[in-house]
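In what follows, chain A forms one complex with chain B and a second complex with chain C.
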Partner chain A sequence: MKMDVNTAFFIDLFFHQVGLWWVVIPSIFLGLIVGAIPGFSAANTIIVLLPFTFLMNVEVGLVFMIALYCASRLGAGIPAILVNIPGTAGAAATPLDGYPMAKQGLGQRALSISFVSSIIGGLLTTAIALVTMPWLARVGFYMHSVEMVVVMLFGISLIASVAAKDTIKGLIAGFFGLMIGSIGADHVYATPRGTMGFLELYDGVPLIPALVGLFAISEAFMVIETGSFMAKDRVQTVQNANWSETIKGVRITLSRWWHVTWTSLIGLVIGVIPGAGAAIASFVAYQQSRTFSKTPEAYGTGHVEGLIAPEAANNGVTAGTLIPLMVLGIPGGATAAIMMVVMQYQGVPTGPRLFMERPDLGYGVFMAMFVTYLLMALTILPMSRYMSRVTLVSTTYMSPIIIAFTLVGSFVPREYLFDMYLAFGFGIIGYIARKTGYHVAAILIGVILGPLLEQYMLRALKMSDGDPLVLFSSPLGNTLWLVLILTLALPAFLKKHRQKAGSRS
Partner chain B sequence: MTEIGIKRRSFLKTGAAAAGGLMLGGGLSSPAFAAYPDRNIDVIIPTAEGGGADRLFRAFSSIWKNYMNTNFEPGFFPGASGRVGYEVYMGKYEPDAYSLIFGNMGPEVLNWAVQKPTFNINDYLYFGRVDTDPGVVFVGAESKFQSIDDIIAEGKRRKLNVGTSRLAHPASIGILALGEHTGAQFNLVPLSGGKKTVAGAVTLEMDFCVLTSGSVIAAGDACRTLLVFNDENAAGDKLNNAPTMNQYFGTKLPPMFSARAFGIHKAAVDNHPDRFELLQKTFKQTFSDPGYKDAFLKTKGFWPYSNYGGVEECESFKSAMLELGERYRPFLAGK
Partner chain C sequence: MSDLKTNIDAGQQEPPKKNVAGEFIIPAISVLFTLYYISTIVDSPWTAQVNAFLVGSVLLFVAAIFFVQKGLALRRHNAQFHIDFSAIPMVVKTPQTAFIVVSLLYLVFVDFLGFTLTTIIFFWVSMMILDRGKRPFMKAFIATIMALIGYAVFIAMFETRLPKGIIEQLIVGGV
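Now for the complex of A and B:
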């Protein structure tokens, strides 16, 4: 199929994708549900529905998967904000500021902020991807193991930020998380470490049980004690909330358009790197957002920008992760890998040949993503008012529901009973950490990013025959090291600067 | 009275017949005398649902069930390079021929050579090989290496970084053997999975990579194959008509396959030879059923890789892998 790729082509493609609303809208709702339930994800839902996808026309099948994927990414933020349960690892940074907002009775506003930043982040990065795909795909050619070690350190340095209020406890929690993250077979010789004889831990500590245990189950234990998600005066705020809260959330987010823009771009660039994902992007975006903020001390207490950053970033990843698949023929993540299977099944090539033979499909995938985000603005935003009412449900009912849902969610990805026990164990660890003033987020950052850091570090060392200087061997890597040092030093510098300015005035 | 007597006699006869029938019937329904199989057969798959093994299993069992008159019920136990599935199969399932394992004889058996499992590896045997997918040497489309000669020449000048899905993999053994034969120096770097290995080649992080050919074919134009670890290149132009190692270098390396096969407890074979015989017989019948080719092609499998093997072929391959694993053990285990 020979086509001219010009403005008319893109306009035609846009309206063609809008015409597929009958696939997009049901997929959005399905995606929201599977994204919001911990343990379920776009990838495992698409696997379950794979036989149906094979029966569909290839274009319809791809649109279905794209809409499901985008909506699940957005949906994962809903329980993260309302009840402190991140649906996926990509939403793990969302509750850091989203949940405190919900506890202040601002759940509806928080959802609105989350939705708008996700949608704008998704629209913006998809539009950029459509135009700059061939160049963006080159990122993977420069971001190798050495560079990724530094990117991981950006995320892990967040432990220090989280630990700012109580350095010793924060660092202990972070190192504890890193230790848990090192459980499992090593990345080179596959020698099991710290598995305590459990085969289920050979591949490392599974993320979902750790995630839901540390955040959700421990929170459920806490609210059983306190009897409510929020103070009584805040309950009144939620009850009195009307549409204006949603509109306020939209306004707040739009007024921070630049923040949404650059944090979503972090997501796009990290998403393009094969194997990197939304969890890395959201933590790095959060860390960068905090570093350049004028009010870093407000992060973790319900700060708007602390919610915008991870949500814009993890939706920026969605477009990025498809670029290596479409342009190079290598899937950037689990969902992209399944899309590749479907495309192969239908005889559609991936990589450069796709854009030569089927540009309507190559560009169409990104246009479908664009249309999905547009339609999500119309369908999801109005729901924030009703969703936020979840926080009014009595903890007598909510706590057991949360525990039951999260335990089932822990079981789903691998279908091991062991994972349910593990989630419960993490719940107890999280509960003890909260009661004794250790930050569960610091533990989780270690659990999520620690294994990735180790993997890239060991790979770089293996390639250099164990020479540690390899970590400083690439110009791009060295630039990233410099930026890392600067961003770590910047908060202290800014603090000093502000103190000086304050004392002068 | 006569009438009653006749009745009594006929009653006794009928009663005896009924009792006999009941005993026989009861006996037939007891597990010891039941016709095999009288229930579903569990199949443990040591990889994740939705992957290549899952699709191949479903294609094969969709026909095999007709010959066995029962369904095959898959259970997925991914993790630790297949180790979890095998440990579950050997540790938790009765050796009664009502459970099988569907594994990959290449990497999974090599794994045993590197790290011993908790069970005796002779306590199970493979009896039905479904496919063979050879390992290949490949580069990214933008690589400067155009042929295997380029790689060997460069490998004699400096140590080349070679991406592999994991160290204990037939393709890793293949490249080590090539290095030994040619004097080229290779540094194997495990990239944890096929997708990442393809990415390692395409993004040029690695000088080149080794992997089973199915994943390389799937990557299309993004990769270029330079050598095949088999006696023939059955995929032809799908693998860029790359030469085979034995043909090009005159070596005698056994084929470095990823080979998926059904396995069974050795105790089940010993205790229920009739059941094992039925499994073997119907497995072979399935292979020659035209319906199987259709089912296989529907999975977008590459038909020339569909390759029947019985106990003999499987056991000889298993032994070859164990032998090679033992030979390269210090390298694969880092000891």
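Now for the complex of A and C:
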């Protein structure tokens, strides 16, 4: 099939994808549900529904998967904001500032900010991906183990930001997380390490039980003491909420359009790197946002930009992960890998042949993503007013529901009862940590990024026969090291500069 | 008495010292775990050791700073280390402790009784504990509805292989 790819082609494609609204809208709602429940992800939902996908026309099947994927990214932020439970690891940085807003009775505004930054981030990065696909696909070629070690350190340096109030306690929590993340067989000789004799830990600590335990279960135990998810004097605010809070959230986000733009671009670039993903993107975006903020000390207390950064970044990742699949035929993540299976089953090529033989499908995937984000603006944004009312439900009912359903969520990925016990164990650790002033987010950052850091570092060291200088052997790597050092040093420099300016004025 | 009153009036009363006993739990767990972890890799190849030695040594160093810092604070009487054993019976009786125990029992029983029945019982017992026994029938109704929603979403819709019990068998048999 020979087609001219020009403006008319894209306009035609856009209206064609809008015509598939009957697939997109139900997929959005399904995606929201699976994104919001920890343990369920777009990838495992698509696997469950794979037989239906095979029966669908290939285009409809792809649109269904894309809409589900995008909506699940956005859905993961909803419980993260309202009840401090990230639906996926990609939303793990969202409650840092989203939940404090909900506790202040600003849940509706926080949801609105999260939705708008996710939608704008998604739209922008999809549009950029459509135009720059061939060039962006090359990013993966330049990012080797050495460069990836530095990217991981960008994410891990967030521990220092989280620990700003009490550095020593923050570092203990973060490095404890990194040690937990090291549990499991080593990457080269498969020697079991720190597994306490549990075979279930040979593959490492599963992410969902750690996420569920540290955030959800510990939160369920904590809120019993207060009897409510928010301060008592704020209940009236939520009860009397009207559309103005949603509109205010939209206005606040639009006024920070530049912040949404650059943090979503971080997501796009990290998304292109195979194996990286939304968790790293959101941590890096949050850390960078805090570094360049004029009010870094307000991060963690309900700072608007602290909410915008991870949400824009993790939705920027969605377009990024599909680029290697579409342009090179290499899936950039689990969902992209499943899409590849569906495309192969239907006899559709991936990689450069796709754009020669079926440009309507190649570009259509990204256009479907664009249309999904547009339709999400119309369907999800108005729901923020009603969703925020979840925070009004008494903890008498919410705590048991959170415990039971999130424990099930931790069971889902591997279907081991052991993972439910593991989640409970993490819940107790999280509860003790919160009660004694340690940040659970710092522990989680370590658990998520620790194994990835080790994997890339080992690869680099193996290539150089154990010579650590390999970490400083590539020009791109060295540039990233320099940027990392500048990023870490910048807050102190800016603080001093502002203090000087303040004392002068 | 009058001296104390004068001090209070002048706002000079010494603030109560912060009890730092709880703050030692996470560092203590971290240090113990790190030492255990290192013991499992002593005879392993360097590829299995490099990360743990790097991360573990930093953790042990930071924990040492913490212990020294707190030790100095205790020595200067800026903080206190006090474990109130007499409060334990009172803590055990709180709804919070009971809820944590019931949550653990949920994990134990879900394998024998199946997801739906265990979830109904767990919801009802926890809600009764947290609301101090008020409106038991209403809570039984909510517990049943919520557990059935869980069944519909997790087992029927997403085909999760959760432990099956009498209710799951009845539903499948009925269908």
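One rule holds in what follows: the second predicted complex is superposed on the first by the 505 of 505 C-alpha atoms of A that agree within 3 Å, B and C clash if a C-alpha of one lies under 4 Å from a C-alpha of the other, contacts with A are read in each partner's own complex, and residues count from 1 in each chain.
As a convention for this text, contacts are C-beta pairs under 8 Å (C-beta built on N, C-alpha and C of every residue); 3 or more make two chains touch, one makes a residue touch a chain.
Model, not experiment: these values are computed from the prediction.
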Room on chain A for both chain B and chain C (clash or fit): fit
First (chain B), second (chain C), both or neither touched by A:Lys462: both
Partner chain(s) touched by A:Glu415 [first = chain B, second = chain C, both, neither]: both
First, second, both or neither for A:Thr7, with chain B first and chain C second: neither
First (chain B), second (chain C), both or neither touched by A:Tyr189: both
Chain B versus chain C as contact partner of A:Leu328, first or second or both or neither: first
Touched partner set for A:Tyr397, first chain B, second chain C, both or neither: second
Touching partner for A:Ser503 - first (chain B), second (chain C), both, neither: neither
If touched residues of chain A are counted for chain B and for chain C, the larger one: C
Touching partner for A:Tyr345 - first (chain B), second (chain C), both, neither: first
Distance in angstrom between the closest Cα atoms of chain C and chain B, superposition on A: 6
Residues of chain A at both interfaces, chain B in one complex, chain C in the other: 187-189, 191-192, 415, 462
Residues of chain B touching chain A in the complex: 49-50, 76, 78-81, 83-84, 87-88, 111, 114-115, 159, 161, 166-168, 187, 189-192, 195-196, 198-199, 202-205, 218-222, 300, 332-334
Sites on chain C touched by chain A in the complex: 22-23, 25-27, 29-30, 33-34, 36-37, 40-41, 44-48, 50-52, 55-56, 58-59, 62-63, 65-66, 69, 95-96, 99-100, 103-104, 106-107, 110-111, 115, 119, 122-123, 126-127, 130-131, 142, 146-147, 150, 153-154, 158-163
Chain A residues touching chain B - in the complex, by the definition given at the top: 47, 50, 140-141, 144-145, 185, 187-192, 199-200, 202-203, 274-275, 324, 328-331, 337-338, 340, 344-345, 349-353, 414-415, 455, 459, 462-463, 465
Footprint of chain C on chain A - complex, ascending: 33, 37, 40, 45, 48, 168-169, 171-173, 175-176, 178-180, 182-183, 186-189, 191-196, 217, 221, 224-225, 395-397, 399-401, 403-405, 407-408, 411-412, 415, 417, 420-421, 424, 428-429, 432-433, 435-438, 450, 453-454, 457-458, 461-462, 466
